[in-house]
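Structures are listed in the sections that come next.
What follows is a pair of complexes built around subunit A, which joins subunit B in one and subunit C in the other.
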Partner chain A sequence: MIAFSSPIVDYHALAPELVLAAGLCLVLLVDLFVPDHRRWITGTISGFVLLGALLPIVTLAVWGDDVRDAIGGPGISGRYVVDNFALVLKALFLLAGYVVVLLSTHEMDEKSGYQGEYYVLLLSSVLGMVMMASSRDLISVFVALEFLSIPAYMMAAWKKRDRKSNEAGVKYYLLGVFASAVMLYGMSLLYGIAGSTQLTEIGKAVTLDGDKVGIQVLGVVFVIVGFAFKVSAVPFHTWAPDTYEGAPTPVTAFLSVASKAAGFVGLMIMVYLAFPLARDVYRPFMWVLAALTMTIGNLVALKQKNLVRMLAYSSVSQGGFILMALAMAYTNGSEESSLRAVIVYLIIYAATNLGAFAVIIAVARRTRSAEIASYGGLFTYAPGLTVMMTIFLASLAGIPPLGGWYAKFGAFRAAVDAGGGWGYSIAIIGAANAVVATAYYITVMREMWMKPVPENADTSSVKVPASLQAALAICGVATLAFGVVPGIIAKVGAITDLTGAFGG
Partner chain B sequence: MIQEQQWLLSLGTFLPLAGVLVMLFIPKKDEATAKGVALLTAIATLGVGIYTLVKFDYDQSEKLQFFTTNKWISPIKATYTIGLDGISLPLYILSMLITVLVMIYSWNHVPEPGNAKAFFILMLVLQTGMAGTFIAQDLILFFVFFEVVLLPMYFMIGVWGGENRQYASLKFFLYTMFGSALMLVAFIAMFIITKNNAADPEAANFSFQWFNENGPDVARNTSIWIFGGMFVGFAVKVPMFPFHTWLPDAHTQAPTQGSVILAAILLKLGTYGFVRIAIPFLPQAAKTWAPIIAVLAVIGIIYGALGCLAQTDMKRLIAFSSVAHMGFVMLGISTLTPLGINAALFGMVAHGLITGMLFFVAGSVKERYHTLEIKRLSGMLKQVPHLGWIMGFCAMASLGLPGLAGFWGEFPAILASWNPAQILTDPSMGNHEMLYRVLTVIASFGTVLAAGYLLWLYQRTAFGEPTGEFSGHGDDDHGHPDHGNTDIHDVNVFEWVAWTPLLVAILVFGVVPSLMFDVMDPAVQQLTSVFGK
Partner chain C sequence: MLVNNFLLLGALLFCIGVYGVIVRKNAVLVLMSIELILNSVNINLLAFDRLWADSGNNDGNVFALYIIAVAAAEVGVGLAMVLLIFRNRKTISLDDLSEMKG
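== the complex of A and B ==
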């Protein structure tokens, strides 16, 4: 029995979380006191809060030690860690959150109201994600996951009078809590085996030999299933298209990028820290998930007539590529390349997909529609948006010199690096899927560039509000830069110190 | 490697992008300025190309010149390594020349639905991709450039093409994507295997030099698989039978400019990939694949020729003739001999000049007659004598008449296939001499067919009297409503300016082929040295 001693808190390391927490209280308060027509100010404050939280990340990256316990002390150290891995992903979540704020500004101001509440929930969700990146313990992983999910359930149902939005929220909520329950059960099994909630301890205990192999396997599988819901891996993806379509578009952007990335971060932490010796369970399991996710996501995406729905399935299929890289962790020494591949993929995918949603929002302000047919002839009256959309779609398709190619490259490299039957077979499946995927991205391009403008459409030039322009600029520049000089992103992604992984 | 004037190739490659940047700020309405800036950029780029041509050290054309290497994507060991040797020099310059000529032609020929600004921007982007592919000396860099051309060409066909443009452009895109996905996996696999084999894995990188040195050590069975991945990627682009089906559609539907660029340069990216990457990096696999390539190449020759005979559309006929001509190029490559590969490289340039020219002619015929249906055309020599003569000249060049450039691509390729490289005839490793000799005979028969379809085409369209429909006093039932006799004029100034350099080049390289052979040969000799003889 260890006597209780109060934990040592490293406030510098915790600063991003603290800024966010203070910021969301501030937004809540401001919301109470400003008149209705000036509620937009909550959005502005949220944007500043997110950028403000980035500052300590920069200082930590520049001056901090490589690894620090945000909350230390006997029996507590190593459970909430700030390392380079955490910093990079926190920065990603904050920036993605910032872009989502930019996307939301006009949508929320013009349409639904309840702006203050919306931004509070958004900030809470981002806070959950930021926590996820540092969590190295079952409890903090779970708390972070719930923290990021529960606000998202509400945000999905934000269009109160819209049936589809309500459906989106309910579906997401029900399947989400179900997944949490499954995961929690898996976690309890893991705890039972290891006698500790610390992931590295679990990693030592889950060795797949001894007399409790069955329980170990169940624990691993259940945890992966739980995260598979979060990252909408087939066959646990059924909520994604309906939720994405029904939710307000900025929320969809948030879910398909940030929330998904957070799921992958959680999965990554579990695989690298808790399951390094359980490869024979997670590799075949995730191999199958990856193959199904890529293939089914793609095949269904081919048939979509609604762009948001199509992007939903496309994001399912993109998740398959990430799973492909992750499934090959700890195969023939490929753990580093797959870790890098996943991180790089998440970052590039975030920039690209957010950009695509920015265009959708900008176009929908005019056409009031996300049907692919409504994009007919966009090139003739909104050439700028068309070119931007082309860039984002081509990047999603993985065509050089746009960011997406490097993401795909990394994923293939991880698979081929692992080699053997598992690696090569999934790489070939991935290659085939990369081709199928281009087919539906290209239908959108075709619509924009080659089809005539639909009848009765207003073809005066489209005005894009400043906040959307900023979002487009950020995403566009990032997508191009990541593709032309992938060195910048590769450097960020070249992380070898997911603390506790690789036996460190 | 000669590391002088290291900036030269980068300048030549990226100058078009600078032009694109400027053009972005020109309002869409101001078409003349946009076209002017684009053309000036292309001419400046060609100027850089000519300077390169002057500064190139022809006594050392087997060495990479203007070589430079810089960091690019350090974590994956990809570098920005570029250089030019005798193999890539002709293609590099050709791409610049073709872009300028196509732009001159486009000056008053911007196809429907207009928007000259976007059209010219796409051509400049294409130019960067094409030139970049030929100078890249790093596999990842090569891959990126190789793919850069994809989208501009897709839009060029899909937006400015003919009636079936959407189908054709999608087909083009998906075929190429399919090829490049497998190619990329093959590249990565080759890198990882050579890295694991190497004494010092840390030294591994994606530069061509690394693969030239370490690729041959890849175990034979593995290398056959990797070669297979690259084969699909390059063969789709060439295109080789049976991956050729996108080509007739793409060519037929593309605007004239797109067809010319496609025929003159884009198809060469595939054959260039074979010569530069697949064969030298994986010589063991090349040996195994060579007979297969040879057989497919000859099937392509015969199939393309028969396809030509069956066509009723002039442009589609030229497209099928491309399949046949690229068959000769691939046959030359498959011999793995210096003669064969020299012939292939010559054939690539010659095909670029001649078929590019034929597509120009087809475009102009279409513009005048509003149809390319062979049976509706007749008597061009009477009605538009200059155009008719130019077409005759190109048809002769295309069928391989000695004295014109086409001959030097076909004849040596056939010749080389009689005596393929030693390792292909080595009895202990499976003797393929008989196979190649049979192929020689069939391929020669292909030249006869070529003469057949080209002369038949020429006879039907150029000889005889102009059909009533177009001679001004016929009924105008199925013609374009606003065309009349006045519409059918002979070659105009823009066409003369755009075409003369090509026509001169076809003649000059036909009479003095050593101009090109001398540049290429040292590099080819070095390349084939691994195969003996």
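== the complex of A and C ==
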């Protein structure tokens, strides 16, 4: 028996979480007391809360130690850690959340109502993601994952009377909960092997050696399957296109960027900390997942007629490139380049994809449609949006002067660094897929620049509300800057170091 | 008692739960099957916690408590969603959820 001693809480390190939690309660209370026509104020407060939570991250980065135990004490230390890896990803989640608030304000104000509740759920989901980046323990990984998922299920089903939105929510919910149940079973086996839920302890115990190999393999595979659902890797992607199409568009942007990034962060933490010696299990498994995800995501995206659905499949296939880098962790000393590649990819992909969704929302305010055909001749009446959309699509395709190419470059470098049969083969599959992907992005560009405007379309110039303009500016600048001066993002990637990984 | 007996019970419940999720077409029955899986996890965790009784931590018990609490929250959301589709469609059969395809 250990005598009870109260844990030592480092409030500076926990400040982002505390600000978010306090802000969440504030939004809930304000929503109670303001009249209906002023409910938009909840959105404004949420934006400030997210930016406010960024402040302690800046102070931690500048003045903090490199590694801090947010909650320390005997038996608790090392389970919830704030290191540079956590800070970079927390900043990413908060900024992505802020852009999603910008995308949501007009949609929510004009259409559905229930604004206060929406922002409360959005903030709690972001809080879960912020927690995920610091978790170094099975229990906190699980709690963070549920914290970010459960609000997201409700947000996907937000349009209560809309049958498609209901369907989106239910599909996401059932598959998400099933996946986390399977993952929990794997986690219980991992705990059984190590006798501790701390990931570094599990990392020492999962050696694929001795008489418990079967249970170790089962544990590793089930955990990866659970996260594969979350990041919509083929063949666990079936919910993604339906959910993305049915959910309100700002929620789709949130799911395809922030929720997916959080899934990858969880997977990274597990692979780097808990499975460093289990390479022979996760490498072939994730190699196959990456190859399938890239290929099938791309092939199905080619024949889509709806732009949101096409971007859904494109986001599935982008996930394949991240898995490609991650699968090569701990192969011939490539762990650091693969860690950096994944982080850089997540950041650039977030900026680009949120920007593409911002354009879709701006155009849909006029055309009320996301069919690719309805984008015909967009250049003639909305030249600014057309240029922005072209930038984002070209970045997703990985065309050089834009951010996307640097992300892809990093992923390929990780695969080539790893080398050997596994590394080179997945790099070749990835290269083929990058070419195929360009085809469907160019189809949309051709529609916007070359095709005539559909008949009976209103061609007066499109008004873009200020909040959407701000979102477009943030994403556009980030996409261009990361591509033209990749040094910025390379620097961010270089300072990230995952505590406890690489045998440190 | 051997820890094996508990692990076998856990594995059996897990298999029944997975079978139920895959085969059942009624949304409420699928939810119940998911609960079975979560409870199989709890049995595993508690059995392993006894196995590691001298490790100086109570991680397994704590984990099981968290799972019970989170599972309650999940089912709350799940039943609300089942209610939502029942109001809009007058059915909770999952086969009828096929408006979007491709």
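Just so we're on the same page, the second predicted complex is superposed on the first by the 502 of 504 C-alpha atoms of A that agree within 3 Å, B and C clash if a C-alpha of one lies under 4 Å from a C-alpha of the other, contacts with A are read in each partner's own complex, and residues count from 1 in each chain.
One rule holds for everything that comes next: a residue touches a chain if its C-beta (ideal position, glycine included) is under 8 Å from a C-beta of that chain, and two chains touch if they have at least 3 such contacts.
For clarity, every value in this text was computed on a predicted model and none was experimentally measured.
J.: Let me test your reading of the model: by the given contact rule, A:487 touches which partner, first (subunit B), second (subunit C), both or neither?
T.: In the superposition, A:487 touches subunit B alone.
J.: Touching A:419, do we find subunit B (first), subunit C (second), both, or neither?
T.: A:419 sits against subunit B, while subunit C stays out of touch.
J.: With both complexes overlaid on chain A, does A:240 touch subunit B (first), subunit C (second), both or neither?
T.: A:240: touches no partner chain.
J.: Once the shared chain is lined up, is A:138 touching subunit B (first), subunit C (second), both, or neither of them?
T.: It touches subunit C, and subunit B stays clear.
J.: Which partner does A:220 contact after superposing on A: first (subunit B), second (subunit C), both, neither?
T.: Touch partners of A:220: none, neither subunit B nor subunit C.
J.: A:428 contacts which: subunit B (first), subunit C (second), both, neither?
T.: Once the two structures are laid over each other on A, A:428 reaches subunit B alone.
J.: One more residue to check, A:399. First (subunit B), second (subunit C), both or neither?
T.: Touch status of A:399: first partner only.
J.: With both complexes superposed on chain A, which partner does A:181 reach: first (subunit B), second (subunit C), both or neither?
T.: After superposition on chain A, A:181 lies in contact with subunit C alone.
J.: Need the overlap of the two footprints on subunit A, from subunit B and from subunit C, as residue ranges.
T.: The overlap between the subunit B and subunit C interfaces on subunit A is empty, containing no residue.
J.: Within their complex, state which residues of subunit A touch subunit B.
T.: Subunit A residues touching subunit B: 340, 379, 383, 390, 394, 397, 399-401, 405-406, 408-410, 412-413, 416-417, 419, 424, 427-428, 431-432, 434-435, 438-439, 442, 445-446, 449-450, 485-487, 490-491, 493-494.
J.: Quick one: which bits of subunit B touch subunit A in the complex? Just the residue numbers, please.
T.: Per the touch definition, subunit B meets subunit A at residues 28, 71-76, 118, 140, 143-145, 147-148, 150-151, 154-155, 158-159, 165-166, 169-170, 173-174, 177-178, 181-182, 184-185, 188-189, 192.
J.: Which of the residues in subunit C end up touching subunit A in this complex?
T.: Contacts found on subunit C: 7, 10, 14, 17-18, 21, 27, 30, 34, 37-38, 40-41, 44-45, 47-48, 51-52, 55-57, 59-60, 62-63, 66-67, 70, 73-74, 77-78, 80-82, 84-85, 88-89, 94, 97, 99-100, 102.
J.: Along subunit A, where are the residues that touch subunit C in the complex?
T.: 2, 75, 138-139, 142-143, 146, 150, 153-154, 157, 160-161, 163-164, 166-171, 173-174, 177-178, 181-182, 184-185, 187-189, 191-192, 195-198, 241-242, 245-246, 300, 303-304, 309
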